[in-house]
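Order of writing sets the chain letters: A, B, C and D. Residues in each chain are counted from 1.
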Amino acid sequence: MSGNSFGKLFTVTTAGESHGPALVAIVDGCPPGLELGPEDLQHDLDRRKPGTSRHTTQRQEADEVEILSGVFEGKTTGCPIGLLIRNTDQKSKDYSAIKELFRPAHADYAYHHKYGIRDYRGGGRSSARETAMRVAAGAIARKYLASCGIVVRGYMSQLGPIEIPFKSWDSVAQNAFFCPDPDKVPELEAYMDQLRRDEDSVGARITVIAEGVPPGLGEPIFDRFDADLAHALMSIGAVKGVEIGAGFASIAQRGTEHRDELTPAGFLSNNAGGVLGGISSGQPIVAHLALKPTSSITTPGRSIDIHGKPVEIVTKGRHDPCVGIRATPIAEAMLAIVLMDHLLRQRAQNADVAVETPVLRQL
Amino acid sequence: MSGNSFGKLFTVTTAGESHGPALVAIVDGCPPGLELGPEDLQHDLDRRKPGTSRHTTQRQEADEVEILSGVFEGKTTGCPIGLLIRNTDQKSKDYSAIKELFRPAHADYAYHHKYGIRDYRGGGRSSARETAMRVAAGAIARKYLASCGIVVRGYMSQLGPIEIPFKSWDSVAQNAFFCPDPDKVPELEAYMDQLRRDEDSVGARITVIAEGVPPGLGEPIFDRFDADLAHALMSIGAVKGVEIGAGFASIAQRGTEHRDELTPAGFLSNNAGGVLGGISSGQPIVAHLALKPTSSITTPGRSIDIHGKPVEIVTKGRHDPCVGIRATPIAEAMLAIVLMDHLLRQRAQNADVAVETPVLRQL
Amino acid sequence: MSGNSFGKLFTVTTAGESHGPALVAIVDGCPPGLELGPEDLQHDLDRRKPGTSRHTTQRQEADEVEILSGVFEGKTTGCPIGLLIRNTDQKSKDYSAIKELFRPAHADYAYHHKYGIRDYRGGGRSSARETAMRVAAGAIARKYLASCGIVVRGYMSQLGPIEIPFKSWDSVAQNAFFCPDPDKVPELEAYMDQLRRDEDSVGARITVIAEGVPPGLGEPIFDRFDADLAHALMSIGAVKGVEIGAGFASIAQRGTEHRDELTPAGFLSNNAGGVLGGISSGQPIVAHLALKPTSSITTPGRSIDIHGKPVEIVTKGRHDPCVGIRATPIAEAMLAIVLMDHLLRQRAQNADVAVETPVLRQL
Amino acid sequence: MSGNSFGKLFTVTTAGESHGPALVAIVDGCPPGLELGPEDLQHDLDRRKPGTSRHTTQRQEADEVEILSGVFEGKTTGCPIGLLIRNTDQKSKDYSAIKELFRPAHADYAYHHKYGIRDYRGGGRSSARETAMRVAAGAIARKYLASCGIVVRGYMSQLGPIEIPFKSWDSVAQNAFFCPDPDKVPELEAYMDQLRRDEDSVGARITVIAEGVPPGLGEPIFDRFDADLAHALMSIGAVKGVEIGAGFASIAQRGTEHRDELTPAGFLSNNAGGVLGGISSGQPIVAHLALKPTSSITTPGRSIDIHGKPVEIVTKGRHDPCVGIRATPIAEAMLAIVLMDHLLRQRAQNADVAVETPVLRQL
């Protein structure tokens, strides 16, 4: 219900600021009997973790998660799962200079007008640091989904001006960019090195895919699967656009081209991105998201202070020059959470539905 | 809570199928004291209504709305507003041929697997006909927002391959396309005429804008304003992509380019689309949505029936060759509903907040 | 989400005032494939209907319900079910005299302060007339529950000072009071006749019971079955108290007396009222509710007007001298709605749970 | 949304088991700018804390709460408040004997059927230990309410067969029973001492009152103030009944007696318990709750094990012989949370309402 909760049956509620004592989450609605330990969450947390390459922020956080409840003798009990990650590498002093300033493209100005008060240390609640808990909660969803044959994966499909065609999932795991083409990695590294020298930042495009999804997930008309997914992905800081399947390319498509024809062997294409009428079709779910360039850059910019006076501002601190680089595990987590929520909703309402029509996959 | 409700404090719940007896909505949460009559809703309903030009479906629906409750002596009472629109021009016989078939790119296949049963007449619940109630509910929101100085408008910014630059709001009201450039209208008409001869359909891009929005709307981290807006817009049938502000163009932007600098006179640009950290900034809210080409076309296509057998399918009935043409009022309505919901949420939690910092608008 | 919706997965949203054009409801979340027609709803509506004996209001309403959506070829489709009941016997002129007065024990004063405006005709939204839609929605739930072997029934267990011991369900259907003891009916009739002569009103106690409920319904800790049921029953106008099982009698019970012992043959008692730890136990669900005496009586009383001036007030119009008399079907409906909602929630989260332990019933 | 969340705008979500590592809560929706520190929560936590007299469980828990987020420089920021209480005095070994048994009147049997798995140590999630977090969250609400002139208090109004008339609030704070009559305390102590010798337990009645409540809180028709309050109070473990105002006594009241007449000086009585038509009237909110006797007693009882075999059971461990003794702060907390939620909801929707009619209080 609250702004810090997501999901109707698989509900993730989080709290915590960048430089506060800890991040905390309560994951409610996980079915009982799932084997679960901190190590299941740690794997994805480590993939998102800062400081693992020279291309991301140098903040060092172990991001060690503690399970506080909901697991007994190694299995989920159906009761809510409490999660805790202590912040360990805050350097709050870096931020006192911006206490009364609004950094352009940051949440500062909006938070100030909304709340009248703000924790300015590292962006407070608006920091990307909160995404650690999305990843932890998503890891629970992913483990359950895997037990149902549903696999959620993602990769970087564009870095600034560099488009990255998909080559292999193996590649994704083998570089700091989640780049699916090993041959592109040197180009990405060179681009990032130059960017750092330019004291600038850049945007990125992430693609997430779920395979093995049963048809039937999604609740028309407002809680369509794609609508909830758009909500989930757009709620990630820095995301400015979401596409399902062909996305914006659909605009110039003809109906004869866009429609995914069905044959007894399977769907012939996937412009739909796995969603028809807001309901999963059994094709892979495919979504793309656009992340804006990091707002925190050391090149000076114009702004005002809380009194309305003009200032020149330089954002110091430790930042990612491209927030998109660490965004893949976060986007995967949100897709997993949406899948989990809709899997449970579908069970609730349509437990008795059985049709003779075979489930088609994409050819 | 249910899949057919949207909004937490301004809640719109709808029901009704394309060829059932009626569409119905309950709008809960409208503040008391707003002057409201059916004519306030009818204006927007007429803008969405089918059959008003040769470029849209020839189904003739008066779309006359009756207010069943929540209004007393011409003013809202704070009680839920019941709305009713009778369907009058159903031609259900057109559809019996597709009873056991799945039209490609339609919801048929997904509904069949989800529910095991489906009202195949005109798409049933998955028909764009349900959007009439979105428009009616949105009109209530728009009237209230107008009383707060918030204006919501939209236009078609692309039709198939034809990009349409914004010229004037006056133009938008003067053609069937919601086209903001009068000089482009003949080109759009010629394109549509050819499309009809080709027995094909095409996609479109719609842009919606809200001006006069106070800073502070949006609830981090999951109910950010942009996240809820993405949810709302993606829930419209045929929408495959949503952008806020610079959207997908952000990917290739540098931070120095993307960040909207602030001066005492106002924001210098609006790549953010009016949302910072998920909270409205006072700049205009700007969103773009991509609509896919209509799935109902008379060019034959391959599909299967409910027994899994291959069939060739031709979609008859009365259809829009470009669903985007009538989508502008629908997108405006959803933006208005999201604004209304967040305006109320902001009042709830931050009623006492007062800051000396001036509200900046975009220059 | 809104105040006029109830239930998380089986969601009932209603609108409509006592003297407006119609009552309307949207019931979302009914599983597909349930045979349903207006006659299924009419049966319970007729049991609640005014004007069927001299002991209730003489307002004549047919309470004929129209199903607007969600049913196709006689079966539910899984899409939201729209319901409409036109008001036909409003006599609004009766009420103009109270336009600026607050009737004691009515909602007038509270609505006035809350909304600043109020539909004073027959109580507007605060009228018991809205309960017709609860009954209609409850009838859908009851039909589905019946298909799962769950039976929901209720009776009057006390009228004013007259306690009514349970004798038989047959009796309940055979008198205007829902009285389970045919021998008590003459006493009730005499009491009511005297009450009318006294120009006074009186309270009542209703008992509702659900049998055949599977163990496992209810979501700790806040959405316990008994908590949601208390919410549902207390939301009925005029209800001032709710008990589960032994209720207030538990206060003076010893633990050795209260605890319902288990044997392989079944539970030995049911002080719990079918709920343990907020979860259904398989014993019958038993709840009692206290209804206050009708506020609308013709004996003059002291009050004030909207300007704060003292007035003497006499409530005219057509009223039930004991609202409890028609409350049984309403309480049954709310119990059915809560059961339905929790049945779906239990399916969602615990679909895979299977235990060897036999389900015990009450001996 | 989830079963472990309560409140729509002031949302409390909790997790944690009796013998797990910790209890955790996320409180979302507290307005910014409220001065808040752990000491504000500790006061109420200490009032609920076990082990403070010989009449409650001897489990020793410091119940020290840590604020993890949402507070910056001593003030709330509007962001979610994370709370943590470590469990320190678990003696889980006490419970291994009941691993496969169902204690009568406990949640064991129902949890087993619902989840198939259960944390049997001290009742796991079904333990009253979770109420510590209700009290902590309630303390935040109480502090905010106090700043609005709303005072929430409670007392024990009956212990087993002993009725306790209200004498003074001073007395409540001066004994372990929250007894409002100092002269009754010796009788209560003697009763409890005998009860312990009898190896039995007993129920209690708690009364909670809120004064200074503005008229207008509560959202008809389902989220009436009294309905939400009944939900909140019935969600406390061991509660079997809830009354508002005259409650079950209303049944035998006449309308002329029950109705609270209004005069320019104030209401003449408060049978309504401060709620008219589901909306607060400005009179004190008054609610009573019935708590059943503790289920954990050492007198042997009959039950079955998970295989359906009969067993004789004795509940060991450290238990409260009357759970009602520590229930007052919990009931106060739930009343405060409901008030807070509805205060925010009222602001959202009716911010502009202003009437000339004076607010009446009770004489």
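Observations, loosely collected:
Keep in mind that, in the parts below, contacts are C-beta pairs under 8 Å (C-beta built on N, C-alpha and C of every residue); 3 or more make two chains touch, one makes a residue touch a chain.
Here is each chain with its UniProt name: A, B, C, D = Chorismate synthase.
This is a predicted model, so every value here is computed, not measured.
In the contact between chain A and chain B, the residue numbers used by both copies make up over half of all numbers at that interface. Using the mean of the Cα atoms as each chain's centre, the chain most removed from chain A is C.
A count of C-beta contacts for the chain pairs A-C and A-D puts A-D on top. Put simply, the C-alpha centre of chain A and that of chain D have 38 angstrom between them. Separation between the centroids of chain A and chain B, computed from CA atoms only, is 26 Å.
In whole angstrom, the spacing between the mean C-alpha positions of chain A and chain C is 45. Within chain D, contacts with two or more other chains are made by residues 1-5, 8-9, 14, 29, 32-33, 78-79, 114-116, 125, 220, 345, 350, 353.
Looking at the complex, you find that chain A touches chain C at residues 1, 8-9, 29, 31-33, 78-79, 220, 344-345, 347-353.
On chain A, the positions that touch chain B within their shared complex are 1-6, 8, 14, 102, 104-116, 125-126, 130, 158, 160-161, 198, 200-205, 214-224, 226-235, 237, 239-264, 268, 271-273, 275-282, 290-295, 297, 299, 301-304, 306-310, 324, 345-346, 350, 353-360. Considering their complex, residues 1-5, 7-9, 11, 13-17, 20-26, 28-29, 32-33, 66, 68-70, 72, 75, 77-82, 84, 114-119, 124-125 of chain C touch chain B.
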